[in-house]
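What follows is a pair of complexes built around subunit A, which joins subunit B in one and subunit C in the other.
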Partner chain A sequence: MISADTFLFVLASGVLLGGLYALMATGLAVVWTTLGVFNFAHGVFVALGAYIAWQVTQSVTGSVGYLLGAALSVVLMFGVGFVLHYVLVKPFERNANLVLLAVITTLAAASIIENGILLVWGARDKQIEPPISGTIGLMGAEISANDVMILIVALLALLVLAIFLRRTATGRAMRAVAQNREAAELMGLNVSRLYAMTIGLSAATAALAGVFIGSVRFISPTFGSDPLMKSLIVVILGGVARFTSPILAAFIVGIAESFSVYFLGLYWAPAVLFAMMIAVLLIKPEGLFGHRSKTL
Partner chain B sequence: MKYAPPFHRTNGFLPVLVAFIALALIPLFLTETYARHTLILVFVYAILASNWDISLGLGGIVNFAHLAFFAIGLYSFGIFGKVLGIDPWIALLLSPLLAVAFAALLAIPILRLEGIYVILVTIAAAQLLLQIVVSQSDYTGGTSGMVLLPRLEIFGYKLSKDNRIGYYYLALALLTFSTFFLYKLQRSSLGRAIKALRDNKYYAIARGVSEGRLRLYTLCASALFPGLAGGFYGAYLRVASPDVFGLGFLTITLSILLLGGLSTIWGSLIAAFVITILAQFLGDYGAWRSIIIALVIIAVVVVYPGGLFAAVQEGWGAFNRFRTNARASWRRSRGADMRKAVMGAPDRLVETRHGKISVCESGQGDEAILFIHGNSSCKEVFRHQFAKFGKDHRVVAFDLPGHGVSPNADPEEDYSIEAYSEIACDIVEKLGLGKPVVFGWSLGGYVALEYAARGYPLTAVAICGTSPVGKFPEDMPRGYIATPHMELAGKRFHSPHEKANYAAHTIGMEKGAEPLVWQAVWRTDGLAREQAFSKLKTCNWPRQVRMLKEGKIPFAMINGPKDPFINHEYCRTFGYGNIWGGEPQNVAEAGHAPFLEDHETFDRMLREFLTWTKGPATAD
Partner chain C sequence: MSEALLEVRDLSGGYPPVSVFRGVSLSVGEEESVGLFGPNGHGKTTLLKTVAGLIDPWEGDVVFQGLRLNAEGKMRPRISRNFNYDLFQKRRIRAATVVEAGVIYVMQGNLLFPEMTVEEVLGVAPLAAKGRSGVREMRERVHHLFPRLQERRSSKIRYLSGGERQMVSIAVGLLALPKLLILDEPTLGLSPKLRLELMQAVRQIRESRVPLIIVDQNIEFLSGLVDRLLLFDHGAITREIDAGSMPSHDEAMAMMFGESH
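Then we have the complex of A and B:
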């Protein structure tokens, strides 16, 4: 039915996808748990991050350009996310319809950024030069060295994010605001700035994911919408109870996707994922790794 | 009792009729195909957005698969019409059925979900549907879609002929039916149950509203016309492409809905014109078009979260306030002689702590009587009493702020029973009335009771057409008989019919009998009604009850037995400490305003009461 090395190859590509999804989904989940809104501009953050890095690699070639591009993209996107909080979410923080209003403003922001990319960089597909070439043999399966690097760096980035949230004063303040906004405000925390930093961090992880995706696939102004949908599935599937929940779910989704692409074809793979998500929501709405909280 | 304002008697009907006639006549002047095409798109977007309001605004179910209903209508028209070769008219009628069936299926997974999860599941459901459509390329044409769908004809006349005039009227007819459906749904018991579930879920469930069933109905109702519009769209453009599942289409429809304002079917209709025409106008600017539209959306949502309809309503409110105030100031100067002839004395403006108040003073004597009129009325209702009691008393009446010829006042500060009683106190002090007898009618009755309860100077208090309230709000339904009138009394905007109805019921007379009182309803600031009613809960009712039960102040209640509003049995058994005649008195054959309808009997009774307050008749 399926040979061992093919199986390994499919599994490995699933794990790589999982790493990218984990990076994106964690960014999405951090915003969701802290601000209580769903950021539909997360997909275009990925795209914009990739384009910024691509622009840098056009003037500075080689691994240096890649590193510089990635760093610049992460820093710039942090700023973009930081500023967007004040425009998109802050004006109706206290509105009863916050969830819905944030959906429409983030969708509108996504439209603006997407069309802005189109105006600046044009519609033609682009690709970021991978910094590492060659392959690594893994029990008979040939895996691209760049993919392995991406996976390792993505996991490292998540580790750094986790340490930041748990060990630094700012990170703890962000978690405090997420847990109880009023209490955090009474303790003198600047809630607006912490919210803005949360969106900034989320945008920075999105940018990193964008740089990685840009080096394995082609980038176009609309390429962020597919990863956005996938990370949406990931967040729902895993829930947001712990920092690791979306990460674990990301690997499940990545592996499930790569196997359904192999067995069922490209068109049916998203359908399988969405069906998985609906099934999980029906049985366990708080996500696979969430806690069951009893309500009325 | 259910209050159901009839369709033909509300404020909104005339503008709707004018808009409909204008839309029906426009194609006679707009003969260009492109202009008509734009309007057809406006109608389709208006149907989509306004029906989305059922689930999103009315039901609070954030259904992001709404455009999937449209897509299903579109594709089912294509499959029935082209692949199966069914007559296109029948295919058009089948398309909403499939959309409703999908809505029923969609209701199952979101039955137990709340908030953001509903958004995510419905997005997923729409994406799932998209994947199915794209994968079944044999039937649906895959990513490139279906082309050359059958066109609609009536007896061989193609609807696209004569610059698409047929399609224009078909789209207008769909929009009209859809709007009528929405209007009726919103006011049906189903629509009220949907709203109740949104506003107070557990209370609605406790009252027997089934949440699951209602969610199912809500989604199905919101799928009907979008499905039909989808079929129409397929027949009109003759193309079905998977673009209708895209985020762009969703964003534009959602922005129409939010720009117009949630829970208002009219708002999204207005916004559909604004956004669609703006989008068509910007059509040549490519990517800039989307950017400008998105900026407009963010600007509106940030600056004006209520949407266009809220702006329309605020504009109407401001206009109404301006109109009533202008009417009052115009009357103050132009109608002074007429009022003087009616009342026997001129009125003047007196400065109080709640602004300038028009006061009329007449008669002479040692004792004074202060008359306080009711909601949406004026001081001239007491003209008979001025004539009769003016001979041996000082009689004073004043227009409440926002009523009669007093100017409009600050709605937050000056429109409440407490504020009115403070005004009465100021007038008593400024005019040097000493300890007057205070008579209050209807809303003024509460003002009189509040005046007495606060310990302001007075000899006695009499009320008419007012039920004393012990506990608020529990005693309101006990003290009053529920009628549509009760809703009118606190309603900000009255239609002409409602105004006439209100005036006729309060004074129990036909039009023309009391022109000044009749006009007072037209003059009254709507906010005065709204605020006075919404602030009833801030009034210190127990203090009034204590005052009544203690009986230190002589008290009388003179009602008309035909008063359609107050519950006479409740008033009789309330238990008063010192009431004239031992119980509320009735002026035979009179209604809510006995001092106007049968003033001779009333005046005799009031005089008896005045004599009683002077004598040693006090209980203890």
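Then we have the complex of A and C:
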């Protein structure tokens, strides 16, 4: 079967994956609950974020370069998300088919950005050098220190996002717009800007995830499509009833993926995840942790 | 009449291509309170939503304190379905402009923000006041007006009763420090006890000299509250009645539908 330390190792890598998925899926869920559109460019946000950080680490080496790259990537991607709202969503706001149109515009943007990356950085795989090396022993299993750092920072980032949405005036205004656009307009809130900030925040979390993925795997211009698919599975599996719904689902998906890879092999893992997703859709369409409402 | 605070001139609107109200003119003076009475489904709410900036007017102007809130001219009709007109055609009125001017519309049966707590909603509300002073005093008054909200401050809006929700809506409107408050059927669908409580609150708001436009189905309640009553019928104001000669419910119905309604 499986020895105790192998089990722990597989579990730990599943938890790490879960942390990354949580970061990406929350961004996707926040946009979905606030704007009511599905952002198919979320995957390339992850990729572009990783490339920006990689570019910085080419001129500034060591962990300083990593930190600088991550910070710059998060900030720049917030800006990219903010601007893209005015290009991809806002012009179609009053159209009855907004949801469908946004699928197409975000897919188009994804394709354009992806090819842009190919043009600028080329097709060769790259890797961001991890800021810390070494391993941590956990009950006999050796776990990479970088992985532990990633998990902790990812969860911290989500905590910061949750506090921002709950405690600050801007965050509360964003939740207000998400829950009742008309009432928010009547309070004089600048709906477009709050929407743009929502996509910006979502892009920023995607960028952070991209930097992390870039330091544990190789990055290529098309590597955003896998994270997008996984975030999609997570959001559907967990539902979006609470802020924590996609996060819990992300860990379920991460651990399930990691064990599927171990027992069934790399190529069967997506099949297992999609089977789980279909089962959830059949039995509880609003998601494992969902009610019919969708909120932040 | 003293100088008009709000002046609506020949306003027409609706949901294209359906015209809902046509050529409506009305004005509200300083410290004045105006009632709007009329049957359901005749466009009162659409009119008020247009004034509040949620729906684009087709024609006519909304002027507040001498400032026109809407874009000039008429709405251009769509001549082709093949263009994304929304890209070229700007909104003709924006809720943000109206709110900034100080006109606050309290929606009918407002669901507000179902997943936020009363406290959070009342915390966001003063954003509409755009930094004008007096929010703290208004908060005191709102506490005094609706002590019940204080008890329920950590409940989510969706767990509140209809009456409590209406109280939150009005409180949100007041915290925006309105120069003119529009209340759309504040007592709709409430239990008799809550209805009385809300009517009492609206009377207190009136006593504090906040100019009001108020829609209600209860003409006795309106009569005691407003300086002028406008009868609204089939998308137009058909009659204006002064405080001295307020009709009873039956009389008002007769005015609108003829003697044998």
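Heads up, the rule we're going with is that the second predicted complex is superposed on the first by the 291 of 296 C-alpha atoms of A that agree within 3 Å, B and C clash if a C-alpha of one lies under 4 Å from a C-alpha of the other, contacts with A are read in each partner's own complex, and residues count from 1 in each chain.
As a convention for this text, a contact is a pair of C-beta atoms (placed from the backbone, for glycine too) under 8 Å apart; a residue touches a chain by one contact, two chains touch by 3 or more.
Everything numeric here is computed off the predicted structure, so don't read it as measured data.
Q: Please indicate which partner A:L118 is in contact with in the superposed arrangement: first for subunit B, second for subunit C, both, or neither.
A: In the superposition, A:L118 touches subunit B alone.
Q: So which one touches more of the residues on subunit A, subunit B or subunit C?
A: Higher number of touched subunit A residues: B.
Q: For A:A169 in the superposed arrangement: first (subunit B), second (subunit C), both or neither?
A: So A:A169 only meets subunit C here.
Q: Please indicate which partner A:A275 is in contact with in the superposed arrangement: first for subunit B, second for subunit C, both, or neither.
A: first
Q: Touching A:L186, do we find subunit B (first), subunit C (second), both, or neither?
A: A:L186: touches subunit C, not subunit B.
Q: Pick one for A:R94: touches subunit B only (first), subunit C only (second), both, or neither.
A: In the superposition, A:R94 touches subunit C alone.
Q: Thinking of the overlay built on chain A, is A:F38 touched by subunit B (first), by subunit C (second), by both, or by neither?
A: In the superposition, A:F38 touches subunit B alone.
Q: Shared contact residues on subunit A for subunit B and subunit C?
A: On subunit A, the overlap between the subunit B and subunit C contacts is residues 91-92, 95, 296.
Q: Under the stated contact criterion, what part of subunit B meets subunit A in this complex?
A: Checking each residue of subunit B against subunit A gives 56, 62, 109, 112-113, 115-117, 119-121, 123-125, 127-128, 131-132, 134-135, 202, 247-248, 250-251, 254-255, 258, 262, 287-288, 290-291, 293-295, 297-298, 301-302, 305.
Q: Which part of subunit A faces subunit C closely enough to touch in the complex?
A: Counting only subunit A, the residues touching subunit C are 91-95, 169, 172-173, 175-176, 179-180, 182-190, 293, 295-296.
Q: Provide the residue numbers of subunit C that touch subunit A in the complex, in ascending order.
A: For subunit C paired with subunit A, touching residues are 52-54, 84, 86-87, 95-96, 99-100, 104-105, 107, 110-116, 120-121, 123-125, 127-128, 130, 158, 172, 176.
Q: Write out the stretch or stretches of subunit A touching subunit B in their complex.
A: Residues of subunit A touching subunit B: 32, 38, 87-88, 91-92, 95, 97, 99-101, 103-105, 107-112, 114-116, 118-119, 225, 229, 232-233, 236, 267-268, 270-271, 274-275, 277-278, 281-282, 285, 296.
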